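What follows is a set of structures for review.
Next, two complexes with subunit A in common: one pairs it with subunit B, the other with subunit C.
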Partner chain A sequence: MGLDRRAFLGLVAGGTVGAMFTPIPWKLIDDASIWTQNWPWIPRVPKGQVDYVATTSKLCPAGEGLKIMRVAGNPILAGGNASHPLSCGGVSALARSEVYMLYSPARIKSPMKRNGKTFAPITWEQALVEMAEKLGAAKGAVASISGDNTGTINEVLTALTAKLGSAGSFMMPSEATTAAKAMKLMGVQGQAGYDFENADMVLVLGADIFETWGTSSRNRKAFGANRPAGAKPANTYVYVGPTRNNTAAVCDQWVPAAAADLGVVALGIAWHLLKAGATSNAPGFDTFKAVVNGGFGPEDVKRATGIAPETLATIAKALASAKAPLVVTGSPFGQGLGAAPVIAGMSLNMLLGRINKPGGVSMLPELPSVVPGALTRAAMLDGDLPAFLKGVESGKTPAPKALLIYDANPAYGLPEAATMAKALEKIPFKVSFSSFMDETAALCDLVLPNSLPLERYDDVATPYGSGFCVYSLVRPIQKPICDTKTTGDVLLGLARKLSIDLKFDNFQQVIKEKVASLTKVSGGFVAKDVMPWQVAAGKPAPALVGGDLWKALEAGYAWTMVGQAAQPAMGFAAEVLAKAVKAGKPATATVLAPYAQLRTGTPVTGMPCQDLTMVPDTELKGDTTFIRVNSETAKALSLKKGQSVKLSGAGVDCQAKVHIFESVMPGMVAAPLGFGHTAFDYYSQGKGANYLSLAAVAEEPGSGLSMWIAPEVKIA
Partner chain B sequence: MSGQKKEFPITWGMVIDIDKCTGCGACMASCQTENNVEPQREASNKLRATSWMLVYELTNDKAFPNHDIAYLPRPCQQCGNPPCVSVCPVIATDKNENGGIVSQVYPRCIGCRYCVAACPYHVRYFGWYDPIWPEGMDKTLSPMTSVRPRGVVEKCTFCHHRWTQAKDAARVAGKDPENLDDGAYVTSCVQNCPSGALAFGDIKNPKHKVHELVKSPYAFRLLERLGTETQVYYISRREWVRKLGDNYLKSE
Partner chain C sequence: MEEKRSNSAGGVGGMALFALIGFVGALVVGWGIFPKMLYSQKTQPIRFSHTVHSQLGIECEQCHHLGPDGRFAGLPSTESCAECHGEETGDTSANGKEIDKFVKDYVKTGRQVPWLVYQYQPDNVFFSHAAHKGFECTKCHLDVAKTDTPPPYYENRLSGYSKDTMKMWECERCHASMGTSNACFVCHK
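Right, the complex of A and B next:
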């Protein structure tokens, strides 16, 4: 085009004044402006019939059901599914990305083999041969890591690892791993499920329940449903944690407390409840009482946490007088918490009589497994990956000869990144099944890209935090765009090559069998007209019509079940509390208070392309991320607004700029996670720093669990 | 403000419950993909980034521990008396259709940016560059919204295409397209907000939830004293939040 808009406008402006009164120039301007916009390099929108199909988000850990809008059969937009109990119509920014991430520049387009410092594409057959050979040779020392907390793929992965001679099958650390450890120490089985829908007073200890903790979209819908706009809320939420994060921003009260003190706060509240006469038949109550009365009186707690005695007394009173109080404990950044604070929080639920009650906590049973020789979810969650890798790094634990990495990015998403990277280096053969070129894939010998959730069969079984058992289907609604395969199929193909019998030929069969197994679980039903929280509140559960389950799941409904597994009474695990929770002196060092947000993706997705726009310029500007301190801390550390600083911890340095934000506790440095990628694409790479790498891992006394909840940092 | 509020039988309005907004940004993500806004690599430059829906962080300006924050999602306010319309030399933006949605006709826009300057709510964005999608991602463009070339101004349209679709769906179902059920037409952000912080409907229709919501004693509009008579309402039980909705002098 010879004439651009600007030149054209100049031309028009030169000679028109005299012709203002005739309509012709106006008509010409209109025509010409249409013509100047006829630009062939602007993409055209697709045309064709519009329809909607259902699936479930797998990229977003909140597990929302999705309705995908398609045009001529191609997915266009991912929206919430109003009939799915974990969405109720809502979707996170991350779940929204399921469609456009199909075309993420970070996608791995074909299987690849390391060739010195770079990768060379290979065929799937070559990949299988190579893998069979290397894994055959590594027999007896094969480890696996999964970052998928909810998929039946873990059964295939762990069964195969076991048959190859397992050196350990690990889950990436998360809220679920911490909670599983706590429940084990309290002597119960199953996954703690929180019934927000029926609770009227919720005390949130640390957990960012409306952002990164568990079924966050569902948690928010439950929160909002009882808070009609402009009217008096029918529930009360109190948040305890180091910053007024996204959760605290909408809670009725924020009680500032260091993440390291969450257990102290819980036991401080227990003190008030005990004083008011709370009691329990549960094992260990007497020891618990002695521990609480011995060191968590109002003055002890005040000295340790700075929280005024009246504050905790009022919260205890509100909990005791609520109809359906609920206490939920977690890490403000979704990982790194010890088991003891979760035990302490759970003991409040026990004192309040909230176990297996509507609006309380239930120990949700695991769904039946279908792949012979697979680890249960509980067994997988029991592994301690940071401890294992630290052992490998120091030489205390023999390094596995081969490592299979599924849906996980340990080179980026673990604390003490420098140590973890050294440990990974010691493992001679590593395979990543990542869909995106992440930091871990970049270290591997083989990269065998998984198809994305919209291109494969997969499933979501009871994400951590859900108040009920829930199962929903992920199904292919688009042919793989690149030369990728469903990892389940690849692993089963590999098993065949190695003459290992895993019972199934392809992953779709595994999923079908899983669904068939659900029809045998008593009490299960399809959430359609009746939602699981209504059943928890007393409404009869509808019957399950067996043959239709697959169809119902395909249509986007979820299978659900309410109530907990039959089991021995939950104990107080007071001996763990005695060792791990101490109302000591407040920390004098500067403490990192990381926070995570779904809009910056997960370690596996990197920054979703559209989401950079959502990041405020007080969090990322240019290529620098900001830490947040309040003005008191800034003064104490001589920091100025906008100043460039260096943070050091765990042998790593990170750059940052300073943002003054008053809703951070004194002495704390709040730092956003999800930045500082060295891999992925231009939306992620080089944007800020990965502050998780500053966190040193310590062992929690009493439980032995790795924890990194309150890392000390130096600022210069 | 000169000019008069334009009245229509239907008045599409949004009511935003600030007390439920966590600031997650899901509404922005919903909007961008619904309306074919390109993924922006340098989005941290807020002077250049386009976001029809933008979540602002409000603060009560107090020091710890009395500090408080709130999040304010900001679409086009669809002013009843829109300052942007009166300044447009080519009538590329107008308020002339039942429903009261302020239109934006891209092929007509000459990019003079008067409206950008006139809009008191900063909801208008000028395309400084041609939009670029990563290779292949243009296959996920929505057919409901056209792609804008550089050089024109764009803004939130209350997902106007969804209204057209809702009317069509009503016709097919034998219902009255001019009297839609509550919820039959909602914008993408309203539909997807995980907190349920946003509500949408015809403010004049007593059968629609928003009809009552706008009468809440906690409801307010942004910069009400300008007389723009916006169709977006906010609700907060916190007084300091409501006060921030307008430019008050310290003494008021």
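Right, the complex of A and C next:
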């Protein structure tokens, strides 16, 4: 009865069969499969207490209020803030990246000083000493550039530049710079604000209002609020522009027109309105009427734009019969438009009696300034940065001895990028306060990284496009991840070192003073139970309890004010229109129609790495970007789907592949912006081409403003 | 020839006997020993007494509630606990020593208590407590409300998950019985 061979086999067989009736094999297989899913290098979802804190997006120009989800105190996700009037719960792809960007590989991790062709880390103290020495020596010839249209930081920057002896304080060109020039020429003060919420018929001339123009998240919410699913829309939107972009795609009608012809279209509609009896008491009306009747009749417009007379007649009739029509003008790619098309669009609002009316346009006053010696926003917007840099490059304008660059990337984000980079090279001492290693920072002598918006105090005051004055707070919800500082603090520290009195010790004090100043503004209130568009429509504005404003802003509510600045009558600026808008023959050359999208970031942010996955392979495949032409244009230019081509313009060549896309009007080559970075990180660098570099800057007749709205290109 | 036949007959019987021994042995190992080997037993970092707290009239929802987005807020933070237990007591009773340990190790250091959660789901599961709030908590969770010492936590040595983590088939069975969709995207986003 010993354990012989047969007994052993029996034991093994019995044991095996027995094991089949136990959890051993089944549980081991199951657990082993789970074990294979849990490799240590796979990121884990953080566990801990979940809470939400409010702030405002600073990376996104739309200025949405955000709710940041935190787990155990760590920011995890950025979402829209339903209580904020510029968000209403909505958020753009760029604002959503506020959290991810904290960990962007392109972040500059400490102050750095140029060392030959590379940079070497230095301490903040060393950086301040170096900067104080160089700026002290450059007194009288210091310039500054800001890419932040909405922050009180501009007051600190421009006041410091002025005290150092300003050679110019400039804002990066945008829709706001164009509109400010137009409003100035029309003789008014303030920033044009558009009340989409109360409008029932909106004519959009070029502006990509649901993507890159103004308060795009709020614009989308205003559009959707009046068009509930399954119900009859309570408003009508018509888009005029060269491509069926993200705005045109949801509008009721798309009227194809070249970006260069937006002014012609506006004056063509004005012709129909005038014919129907529209009139105005505004200065310059008679000249305006003569200009329109003299060159913008239906056949003139048809010859220039290809738009049938009945199309414009129908639009004019719809505008005239609407209760609250609104005309919005802008660039299809957020920059480069001349002032004249904006004036022409605004003239339609004047003919329709839509100035300072619910659902119309209001000239929003600037919020009080708190830093002594600072430039106003209007004064900053009045500068023409491309013209200044071109002058520096050509030698016509003396190059400043020092340049401070805040939140701006002119070496990438301006037209004729090569010219702009050459101009920057002529400036002997340049300091970048960028958070990311962008193309401009790479050219600078000192790079002093700004903390990201989730790590610093900052603010957003009335982004361009908002229909009401609005102020919201950006506040730190975590300590800086890298060795970065709030630029406001750095500039104030620098001022102290140079014995310049800017009144404040740190930037938080500046923001607190700004908030305190709002309590003195008549008519301001916290948008909580009543939203500003409701006040514009006649609802009484709630009273503002001053002491609670800071707390309310910290909780994610916004300070708002409705109504426009007191001012003289708005004029038609017809003499500018007469010089700048011509219903000539249509262009025979191929015209570039750039388009921008928030998912590909801004020149300052580069491509947010997580957003790269949202870029379709009809836009970027491998490292090549696609241009879009319709089949008619493709046939005329002998282009085939997927064909590699070279685009040439402004002395620059760009590579592309061809995508046949019928949502582009004939003769146009639609090209995506936001690609072709030579700096930043793996996610941005070398991805496609920067088609903005193909655009040449021209001076707009009548206004003198730099414009690059419809660059001609050659395709080979 | 005779001996060979005899061996063959005895061998079959012996083989059957050893097969039976092997069978029974496998059952004993499989049901008795294997589960103990598969799981390591751990105790909570702090001996939290639910009994003491419920006797003080503290409602379950004061510490375990749904967040504004329907997310289960789960465990109270150290800061929440410190609202009552912010200072060491010096009490030498078992409970007093445990409170002092909590204050010393977590409140004073600002750390969160690494509670061992009996039923954390894997990261790829999106589970909404808000969608399940009609059920009794104990339908899925251990009934700890009346415990003075938290039950031991058993961690699977292979998968790393708690023994009490609900398996997918359990979710599916309940969904099926309730007429709720079992489509992948319901739980896996």
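Definition applied: the second predicted complex is superposed on the first by the 687 of 716 C-alpha atoms of A that agree within 3 Å, B and C clash if a C-alpha of one lies under 4 Å from a C-alpha of the other, contacts with A are read in each partner's own complex, and residues count from 1 in each chain.
What we mean here is this: a contact is a pair of C-beta atoms (placed from the backbone, for glycine too) under 8 Å apart; a residue touches a chain by one contact, two chains touch by 3 or more.
What you are looking at is a predicted structure, and each value in this text was computed from that prediction instead of being measured.
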If we overlay the two complexes on their shared chain A, which of subunit B and subunit C does A:P542 touch? Say first, second, both or neither. neither
For A:N246, select first, second, both or neither according to whether it touches subunit B, subunit C, the two together, or no partner. first
Does the superposition put A:G523 against subunit B (first), subunit C (second), both, or neither? neither
By residue count, is subunit A touched more by subunit B or by subunit C? B
Tell me the contact category for A:K27 with respect to subunit B and subunit C: first, second, both or neither. second
Regarding the shared-chain residue A:Q49, is it in contact with subunit B (first), subunit C (second), both, or neither? second
Scan A:K621 for contacts with subunit B and subunit C and give back first, second, both or neither. first
Subunit B/subunit C common contact set on subunit A: 9, 34, 37, 44-45, 47-48, 50, 69
Contacts from subunit B onto subunit A in the complex sit at residues 15, 17, 19-26, 28-30, 32-34, 36-37, 39-41, 43-46, 49-51, 55, 57, 59, 62-65, 67-71, 90, 106-111, 130-131, 133-149, 151-152, 188, 191-197, 199, 213, 216-219, 235, 237
In the complex with subunit B, residue positions of subunit A that touch it: 5, 9, 29-30, 33-34, 37, 39, 41-48, 50, 64, 69, 71, 74-77, 79-80, 89-93, 96-97, 99-100, 102-105, 210-211, 216-217, 220-221, 223-225, 227, 229-231, 244, 246-247, 249-250, 256, 481, 597-599, 608-618, 620-622, 630-632, 662-666, 681-683, 687
Note: in the complex, subunit A contacts subunit C through residues 1, 3-4, 6-19, 21-24, 27-28, 31-32, 34-35, 37-38, 44-45, 47-52, 69, 72
Subunit C contacts subunit A in the complex at 10-12, 14-27, 29-31, 34-35, 38, 67-69, 71, 73-77, 112, 117, 120, 122-124, 156, 158-161
